[in-house]
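Each structure below is given as structure tokens.
In the two complexes below, subunit A is the common chain; its partner is subunit B in one and subunit C in the other.
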Partner chain A sequence: MVEERRILYEHLDVPDINTFDVFRQYDGYTRFEKAIAEYQPEEIAQMVLDSGLKGRGGAGFSTGEKWSFVPRDIKPCYLCCNADESEPGTFSNRYVLEKNPHLLIEGILICCYAMGIETTYIYIRGEFTLGKKMLDAAIKEAYEKGYLGKDIRGTGLNVDIYSHPGAGAYICGEETGLIESLEGKRGQPRNKPPFPAVEGVFRKPTVVQNVETLCNLPFIVGNGVEWYTQMGPTYADTRFDPPKPDANTGTKLYCISGDVNEPGVYELDLGLTCTELIEVAGGLRGEEVKAVIPGGSSAPILTHYELDTRLDFTSLTLAKSMLGSGGIIVMNETRNIVDCLLNIMKFYAHESCGQCTPCRWGTPWVRDIVQRIADGNGRKDTITRPKFGVAENGRWGDTGETEEIYEDLDLLESVANNIANVDTMTWNTICVFGIAVSWPAVSYMRKFRPEFEATIREGKLVTLPVAEATVPPEENYAYQQRFVPKEFADL
Partner chain B sequence: MALVKLNDLEIEVEDGTNIVEAARQHGIEVPHYCYHPGLSRPANCRMCLVEPYGPIPGAPPGTIGPARQLATGCTTTVRTAPPDRKLDDKYDAIVQTDSPRVKKAREDILEFLLVHHPLDCPVCDQAGECDLQDYSYRHGSDKSRYLEVKNVPPKKDLGPDVLLYSTRCVVCTRCIRFAEEVSGTGELGLINRGSHDEIDIPRSHEGVPLQVLDNKLAGNVVDICPVGALISKDFLFKSRPWFMEKANSVCSGCSVGCNITVEYKADGVYRLKPRFHEDINQHWMCDDGRLGYHYVNSDDRLQLPLKRVDDELMPTHWADALTVIQEQLSEVAAEDIVVIGSAQGTNEDNYVLQQFAHDVLQTTQLGLFGQLPGEEHKFPQFTIEADKNPNTAGARTILGSANGNVVLEDEALWEKVSGAKVVYLVSGAPERPLEDAEKAALENVEFLIVQDILPSEVTQLADVVLPGTTFAEKDGTFTNSTGWVQRIRKTIDPPGEARVDWEITQQLAKQLGGEMNYHFAGEIALAIAENVPDYADTTHQKIGDAGIKLA
Partner chain C sequence: MSEELIQIETPFAFNAENQREFDELIGRYPIKEAAMLPTLHLAQRQAGYITPAVMKYVAELLEVTVMKVKDVVTFYPMFFEEPVGEYVIRVCHTLPCALRDCKVVLDHLKAKLDTDIASETNLAKGTTADGKFTLMKVECLASCDVAPVIMVNDDLYKNLTPEKVDEVLDNL
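Up next is the complex of A and B:
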């Protein structure tokens, strides 16, 4: 049985940890004090790079590497804390904000010290009213205690934090959409490049980090890189010579929901398998696992054949899925995948910002196709096409076999791939919202094709038994197309 | 200069040029909707996707191949690369605009653009000049796979001259960016989200407009709309674009001299559209000019010469009118004659007029008449000038060319007029109101010859009225306020017996025994080039469509 390893959440349940005094009792702000006393800013940045910390917001990009892109000679430089946690199935940041906001402030202070940043914006999801209240109170307290503001603790360091509530758009969780929204414009992502590290808030270099990423910083500084890298697997990327370490270090706040007995946020080392995770969350509710969404609703689905997949950034990328925000949704045998896809597509069609053509009109189209299939109006055709082979009379010729064509499934796949192609991982859209739409659409449809076909055939939603709902990996081209570079094959 | 390999071409373009422009310069079309050279580039239509080449990550140095992602041609600029980063040892960029991937992407984007489009081309004003049609024809698919219900957003009245057919809109946001960047008025914005995006003006909750698209540059949004969404009420359902002929010309509305295209049929001018000129109007023109052509088609146009019989202006024929004028002029001394040219007329009209005055009438009393100054309007990227005449600068120089540059204007002119016996006034500005002093001065004149296009306050005082022509009915040149000499071209025939102004003057000169024998405007331009010092280069051939800036 795997044990939780609570680091970020260690003191989450301590009463009044949201107040400065209690937080201080539990080592609060000592890590920041250690940082400014013992390290130069560049050393902190190097520590973060060495720790292998990857951004926890979704993309999983190395935090230290991101910081290295920020030009240090252009001032002002900003830090944007992304607290617009809106991926369906994800709810880890809100507990930090509601219960332990000082931890976030400490992380921000360390980041600001490392990068020479004086202004931080926390873009907080509009629906987090309690989180905003707690955060604002904590910020106020930190100002009073002299941990924010001008000349912090007599070190000459100036840091100001502004919290800014969003207005309820999913796309404002995308870093450039967030920046646009923060600037007071319509929340629409920008074209990249230039990346925010070079040109972000108010066209100045900006570090955009998720709440969870920033909360890791105090522990990296406090306990050292070595301690941090012990947690989680580090793979070797042999595409480089010598092999480049591919770190999946640290813990992750896994938000487990769906058909488990004890849903909630669990802080665990990276690199556990799906099965282990379900076990941690009190086991499965129901008979068997039908599917697992590993990283928020935009991640491609995993079937029961793939439950041994390790839930870390590298392994899930190789499994053609992603860890994303760590929002894990477990589905048991009673769930209908067509219905699940419809639910997700309704969300994305509603949340598309409408800036670029493929997403604006492709996303509702995908939703409409799935809706039609779910309504029992999916199109199917039985055609007889000459299929050459050894016919009944023993001679070479047309065998007269018929083939069933599911037009709407082909259309669904084609339209979704036209927004963003999941096989080549290219998108025609401005931001990655496009791939967040086509990834679930295509992966659900390919991996659970028998269920989709049955739904079309029967003209109503049909939930097949788990064994029949998906085809074995060796027979399904969704798995076969899985891109596994041979360097990674020994994983 | 950057060396770019564009498809199979090796081209040199200036640093900072984007792929769309670089391709256009070399005759390759990269389709686009949201990109407009005069506006910012949001790259939201995704139509201009191209395939850039670059080093392949992980491959041995020097290997290049297509980039993983297609890039938007409008935001991808080419620059001279440092020597160690050249591709294939010499290119600064390698771009494919017609690879299978690019073609596929274009087809896909077009499919998306058309899913909610009503396909009402038969009744759409834009049909025939629509980017959606053109690109569908060239790059699109031949069938539709969309079975669902289409969005039907409402038709909207945005302002005095602009209608929005929201169903046809592709949300390229060119109009929004125009209102923000060029006119600076910002009336337009997006409402709703996702597939329900709509262009709109600010409205109250009840839908009452709080601001309308009524700035003086509003008409440009119709031009830049790549589809038939924004429609000019003035042109709505007037004509199919392909039935109209086009001529490059210059707007006669003010002294900016915006380059325009006059679109016309045999029965009149149908619309004016701006034409790109980098130094004068860029891509734009104002609504005053755009909608100011209606007088050309007016039913009230003067079609026959008029002469005063028993205190009433009666139609007559040219021979009669000219004879009457000849009788009057031959009896008057040169110092009692004032000849007034028009700032609305071309350089050629005014040159013939001053030649007539000097050589035939032998008077040096030349004046200049024209539209009264209006108001100047300044926009962030455009200015409408106060001088409402297209050719004040030109007329002044040309009229004064043989006269020591003395041209009478304003008070000096009216003083001279009130003491004159015969005045030959070329107007061309029929809407100009006359002040009391001006009216009194003209009433004092014994014999007033007026050459105009419409009945006006001046023609009411005239003894003989000669029907002249508008800018749309003659060839010639205008000189704008910044010294650009540009050509206007004849589009439609003058109504009735009306004649080109310089022809009338020449006819009059011949009647009076003068020696003048021009056959076409270009011939006069040659004479101008010979005799007017500043205009030495301004032959019609040299001016062409681009114009010539005077030294």
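Up next is the complex of A and C:
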């Protein structure tokens, strides 16, 4: 069985770790002190780049690379810490904020030092009242102890951290939506480019990082790049010649919920399989795994045939899914996929910000189609239309056979693909919310088509046994392209 | 929103404590407008919900138009434009909670409080006759490991069953 490796969460359960004194006993702020004493800001940025740290918020973009886009000569530059954790199935940041907020502050200090940033806003979810209270107390304490404010520890470094509460909008977790919201407007994402690294909050260069990403920084600085890169697999990206190393280094706070015996946050090296993760989380609650959502509700679903997929950024991308924010939701054999999709589509229809027409109208439309199917009114018509092909007389024409048509399933796919096309990975919206809608809609429908068809045919929700509900691997659009990449070391 | 409507409302102003907090807030941002969300949170805490008078007051404080404040208030689900009960009960009903039977909790609350579920445009529908509770469904509260969860005002209650819900309500 895979062992947990607690780094970010190591001292999470130490009593009073949220206070400065106790945090200090566990090496608190020593990594920041090491950073300012031993390294130049550029060296820290280089270390982060070398460590291969990928952003933990969802997109999985290399943190070091993101930092390299920030022009160093335009000041002020801002850091926005994204603590607007609202992806269904994700809950790891909440624990950091509630139990160990000083770790986040230390990570922010290191980032600020590396990037020459003086002001940080922590955009925290409006619902995280306890988290905000603990964070505000920790910030206050850090100011009192001289780790925040002007001329920190006599180094001439100035850093201010402010917490900024959100107000319940999912879209504010998108980086430009967050920036708009921080500026006191509706949280409607901006067109990119310009990317926030060039023009972000208050029209200044802005680094936007997730809580978990920032919490990794003290450990990269404290223990060194070599130590960090030992954890997790590094693959060869064979699209480049010679193959470029594709790092999935470090640990990930996997949030597992749904039908497992011990749901919770598990800190593990990147790159374990779904099966292993379910085992770590106390095993499955139920008889059989029906489906797994690997990266928050936006991620395309995995069937029981795909449970050997490794949960890291590269492998999941190849499996046409994503690690996203690492929220894994497990469903057992009793679950109805149509019902699950309905739940998720209600979420997206509610959370669409209304800025782009395909999303504003498409999300409720998709929801209504799924609702109709779930209610038993799916437009089956199982209409039959003549099947064209080589007929008996050897000529092209009506073969005399008929084809069953599930009108609503075709419509569902068409509407979803017009918000964002999952095959070509292009979206007709400003932000990636579009793809977050069509990914689940299309993947659930394609991978569990027999269950959708049965529901339409019978006129009521039908939960098929796992093997019957799932399309076989050879018909699974994502399984075809899937391959487990070779470890870079093997080449 | 017409001027008349604003005038018939009781005017709103921050109390001393909130004024102090606001003064501290406003210094954090290079532009005043950026303090919008924290200011609205403060105002809602004091007034109970965002009345047109509150919007007018906030607009003057932040030097923006009333329409701009309204624009923001209508976007975010946490701001109420209608009166709500003393206790706002938010029931999470997104997938991980749904997999753990949040519907049982929701139905139990509905029966116990004898009320419907509030919608964003009709909060009165989910408010009890005595004005004590407002019941609403919300999207993921980021506590999927301890599902099903509800939030009563600022407090989160975990791993709920109908019996635990009774206990929570009795202890309020």
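Assume the second predicted complex is superposed on the first by the 457 of 491 C-alpha atoms of A that agree within 3 Å, B and C clash if a C-alpha of one lies under 4 Å from a C-alpha of the other, contacts with A are read in each partner's own complex, and residues count from 1 in each chain.
Everything below uses one rule, namely that a contact is a pair of C-beta atoms (placed from the backbone, for glycine too) under 8 Å apart; a residue touches a chain by one contact, two chains touch by 3 or more.
Just so we're clear, the structure is a prediction, and the values are computed from it rather than from any experiment.
Contact with neither subunit B nor subunit C is seen for A:G64 once the two complexes are overlaid on the shared chain.
Once the two complexes are laid over each other on the shared chain, residue contacts for A:G232 go to neither subunit B nor subunit C. Contact with subunit B, but none with subunit C, is seen for A:L411 once the two complexes are overlaid on the shared chain. With both structures placed on the common chain, the touch criterion links A:G200 to neither subunit B nor subunit C. Once chain A of one complex is fitted onto chain A of the other, the partner contacts of A:W365 are limited to subunit B, with no touch recorded for subunit C.
Put subunit B and subunit C next to each other and count what each touches on subunit A; the higher total goes to C. When the shared chain is aligned, subunit B and subunit C each come close enough to touch A:R186. By the document's definition of touching, both partners, subunit B and subunit C, reach A:E351.
169, 186, 350-351, 353 are the residues of subunit A that lie in the contact sets of both subunit B and subunit C, per the superposition on chain A. Contacts from subunit A toward subunit C in the complex involve residues 85-91, 93-94, 125-130, 160, 162, 164-170, 181-187, 202, 255-259, 263-265, 293, 297, 327, 329, 331, 335, 340, 343-344, 347, 350-351, 353.
Within the complex formed with subunit A, the subunit C residues making contact are 28, 30-31, 33-38, 40-41, 62, 64, 68, 71-72, 75-79, 90, 93-96, 98-100, 138-147, 151, 154-156. Those residues of subunit A whose C-beta lies close enough to touch subunit B in the complex are 169, 186, 191, 239, 349-358, 360-365, 368-369, 372, 411, 414-415, 418, 424-430. Across the interface of their complex, subunit A is touched by residues 42-47, 49, 58, 68-70, 72, 75, 105, 108-109, 111-113, 115-116, 145-149, 170-171, 190, 192-197 of subunit B.
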